[in-house]
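Labels A, B, C and D are assigned to the chains in the order they are written; within every chain, residues are numbered from 1.
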Amino acid sequence: MKILKRKAFEELYAPMEEELVAMARWVAKTGARVVVLMEGRDTAGKGGAIDAIRGPLNPRQCRVVALPKPTEREKSQWYFQRYIEHLPAAGEIALFDRSWYNRAGVEKVMGYATEDQVTAFLTQVPRFEDLLVADGILLFKYWLATDQDQQEKRFAERLEDPLKRWKLSPIDLAARTKYDGYTKAREAMLRATHTDTAPWTLVDFNDQRRGRLTLIRNFLDRLPDTFVAPEDLVLEPLGHDPLDEVYGVLQPLAPFKPD
Amino acid sequence: MKILKRKAFEELYAPMEEELVAMARWVAKTGARVVVLMEGRDTAGKGGAIDAIRGPLNPRQCRVVALPKPTEREKSQWYFQRYIEHLPAAGEIALFDRSWYNRAGVEKVMGYATEDQVTAFLTQVPRFEDLLVADGILLFKYWLATDQDQQEKRFAERLEDPLKRWKLSPIDLAARTKYDGYTKAREAMLRATHTDTAPWTLVDFNDQRRGRLTLIRNFLDRLPDTFVAPEDLVLEPLGHDPLDEVYGVLQPLAPFKPD
Amino acid sequence: MKILKRKAFEELYAPMEEELVAMARWVAKTGARVVVLMEGRDTAGKGGAIDAIRGPLNPRQCRVVALPKPTEREKSQWYFQRYIEHLPAAGEIALFDRSWYNRAGVEKVMGYATEDQVTAFLTQVPRFEDLLVADGILLFKYWLATDQDQQEKRFAERLEDPLKRWKLSPIDLAARTKYDGYTKAREAMLRATHTDTAPWTLVDFNDQRRGRLTLIRNFLDRLPDTFVAPEDLVLEPLGHDPLDEVYGVLQPLAPFKPD
Amino acid sequence: MKILKRKAFEELYAPMEEELVAMARWVAKTGARVVVLMEGRDTAGKGGAIDAIRGPLNPRQCRVVALPKPTEREKSQWYFQRYIEHLPAAGEIALFDRSWYNRAGVEKVMGYATEDQVTAFLTQVPRFEDLLVADGILLFKYWLATDQDQQEKRFAERLEDPLKRWKLSPIDLAARTKYDGYTKAREAMLRATHTDTAPWTLVDFNDQRRGRLTLIRNFLDRLPDTFVAPEDLVLEPLGHDPLDEVYGVLQPLAPFKPD
């Protein structure tokens, strides 16, 4: 299959945007609570996939949860505690850019968590997620896959491209040589946490554009397809000529002009 | 001045993205704390301006703060309390999609706040902001302006375009006929809160693309132009052929294919 | 058995205070996390039992968690979410004055929760508590019992005694005639949630002073009896006469004087 | 003036308890928000004064705020931020066991804050407190004074008495020799922060029991003396003999028995 060109992507993505917006209306109307976990290889394209979901949505309804490193105090609390704080209320969608699965991924592979901690985590997480699902939360767990040649290409790109440079950290470099370790860690994670109530979905992101479409299509197909009509609104005639801005206290900036 | 075409915009925006990334590196390095308030007319383009700033940045560093309606409990607390919770820690950038200025805008014009509350707010806010600035927070306050003919065009577009329909609420319609009331409210707000320590910046968003460039250019120009070199990283040769994904427990989704 | 007189109580309680202090030192030293849930009949004496534990302890280490009614937003979140926020960090003790068990008690008996919600809760709570215990949290669940004649006496007292009047609400009065309903609800709760990992302890509080001693004795006996010596500190001589307060800006209040 | 005996204290305190309860009813009824800051010398008796206020009150209405050390993240935020989170909602009373004034006291004297930070703090705090008061919060600031001979006696007692041992830390010992430094710091603090809108009240706690009475009397006298009648409640006859506890699943603990 060929790499999807930008234009082809945009044509295929446009109708999905509309579906995302309709989905969000359904979520608001029914008070559903949606949690999407975005996990995967470094460079796989988690951020881009999140942006493709949240792009057309109301930021007051759809939040990105990208937590900073835990404080010492948080580290001593129940492992899930700081994530739980960000679970959605009725009508909300929370997109987790990495999640509690850090412990089974980077923390395990890089040795930041002990074997015992990882084992305990893998035992506990299905029970934790069962609770969320039993409470009615709609939980989606995506893992974004990419072969190492693609990953290498993207690392090189991040090194070169000043725009992407911040995506590359010394930890990423250290993690880079552990591609196989990550594969093994993922398989252990899947064995322990791919459950009936909270299944994983793997998505091939060797082609990131196609990956996004695959993921969003899956996401939309798994939500009920109940159409909620938008509120019926009418724009009455203003009854006067449209007004212009009038500035008293302060003038606007001179507009940016390329010269 | 002509409306900026998409392509022209992208060419002008690209170097700004690089500057934004460099700015974020400086923020991280120095532990600066940046707060950007995005206020303005309905339809002016607050969301788009925010996206243009946060787009190239690390979501773990740059957060969008778009608060839901206050709970009854929050309404009874100190007015600023629920906003303060989201102020940045060292090295962070917080972009407020609407802010405490709700009280001087929509709440005043629509009568959700009493005259006394608005007057009290206008008295208190400069003192509140002085405190933040005195503590070293870098505070930027942007108000996005647009003439009513543009606003009308965009309202009509929101009504038609299923993608933008969620941006139109009954409150917006009610507010629509109060264009002049908003102008007056803005001027009162400027008189009271355009201070030396925390000045407002008005930006003309009749042309939204140009507005974004104008705003970001201003934002970047007001931050110190200190270059922080990205960390020096080297991609050592892997020493083996790149590996491929190997799936055991679970296969990835079939890739999305247009039919 | 006779009712314990105040003086007898105080003599028996004094050595327990020392043990509580020693326990708290152990908690601080080892980074243990202790959660005590205090549940039971209205008027049983939850507040007094909590005060008897926290009395001799450092308020920075030992917190009382007595949550107000949930906001509408909180009601729509995961049921356990607002409690989880108050779980202890390393070295802390959290005393819950009522807890998530509200749902199986007052909410069930008074019909504030549906049968389905109660059933779901009773299914979920052992799994939730297992997670906390598996994470190493030391969880104690006490239910304070009292016969109805005692309860009636105390209700009458609360009605009469201006100091205790706030403890009596219209809900309490409505709940008062449902003594038997509470018994049944408690038994259902025990059947579902008295587990090996998180067992309940019932304490007879017909005699509140004796009840407190029984409860604290049990609490202390179930914690490891590892002695941690207090830090070795020496008060060196001051080397000068002790100084007196000297007031410049402001004089202290005239001391309260009975006449 | 002679030291107040326990019995005399209790007789004088009892009617104040009733007044505190009436005050709390007024707070609940009117939705007032009360903040009490308790500051003062080490050993002065802050904890005891707080207990004397909160003792008779509903813990769901009256909270003690005794914050642990700030995390690194909190240290980098706006200095007041972590305190603001605990300000009261309508109808609530927050008792701060130490407060933002740490910076002007222990942090200054022990050199944990720089001179610049202390100066900045002293400039900012009146403006911060003005905002709270302007918002309608009822703010009380008490500073508890004690001569050094009393302080020495109490330090010695803390060293000896296992119950009080936790109140003595190495920092306290280091601070002990800086009695005069604390006096100077307090005077500087008073000069800067004893304002019309948020005045300080000094209370002599050389006699701790009398100090508590003095403080509570002052506190009550400064609140409006508006009587709010307790809700009118009637205990209807039960209509049957009172029931006894019946245990099925689990028996209560054997009662504690001194032998």
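To be clear about the criterion, a contact is a pair of C-beta atoms (placed from the backbone, for glycine too) under 8 Å apart; a residue touches a chain by one contact, two chains touch by 3 or more.
This structure is a prediction, so every number in the text was calculated from the model and none was measured.
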Work out which chains are contact partners of both subunit B and subunit D. A, C
Pair with more cross-chain C-beta pairs in contact, given B-C and C-D: C-D
So which chain is farthest from subunit B, going by the mean of the CA atoms in each chain? C
Between subunit B and subunit C, tell me the centre distance in angstrom, where each centre is the average of that chain's C-alpha atoms. 45
Could you give the separation in Å between the centres of subunit A and subunit C, each centre being the mean of its C-alpha atoms? 40
Where the centres are mean C-alpha positions, what is the separation of subunit C from subunit D, in Å? 20
In subunit A, what residues contact two or more other chains? 68, 73-74, 89
For subunit C, which residues are in contact with subunit B within the complex? 68, 71-74
Residues of subunit D that touch subunit C when the two form their complex: 1, 8, 12, 17-18, 21-22, 24-25, 47, 50, 56-60, 63-64, 66-68, 89, 97, 145-149, 151-152, 155-156, 159, 162-163, 165-170, 173, 176-177, 179-180, 183, 187, 190-191, 194, 200-204, 207, 210-211, 213-215, 217-218, 230-231, 233-235, 238, 242-258
For subunit A, which residues count as touching subunit C in their complex? 31, 33, 73-74, 76-81, 84-85, 87-91, 120, 123-124, 127-128, 130-132, 134-135, 137
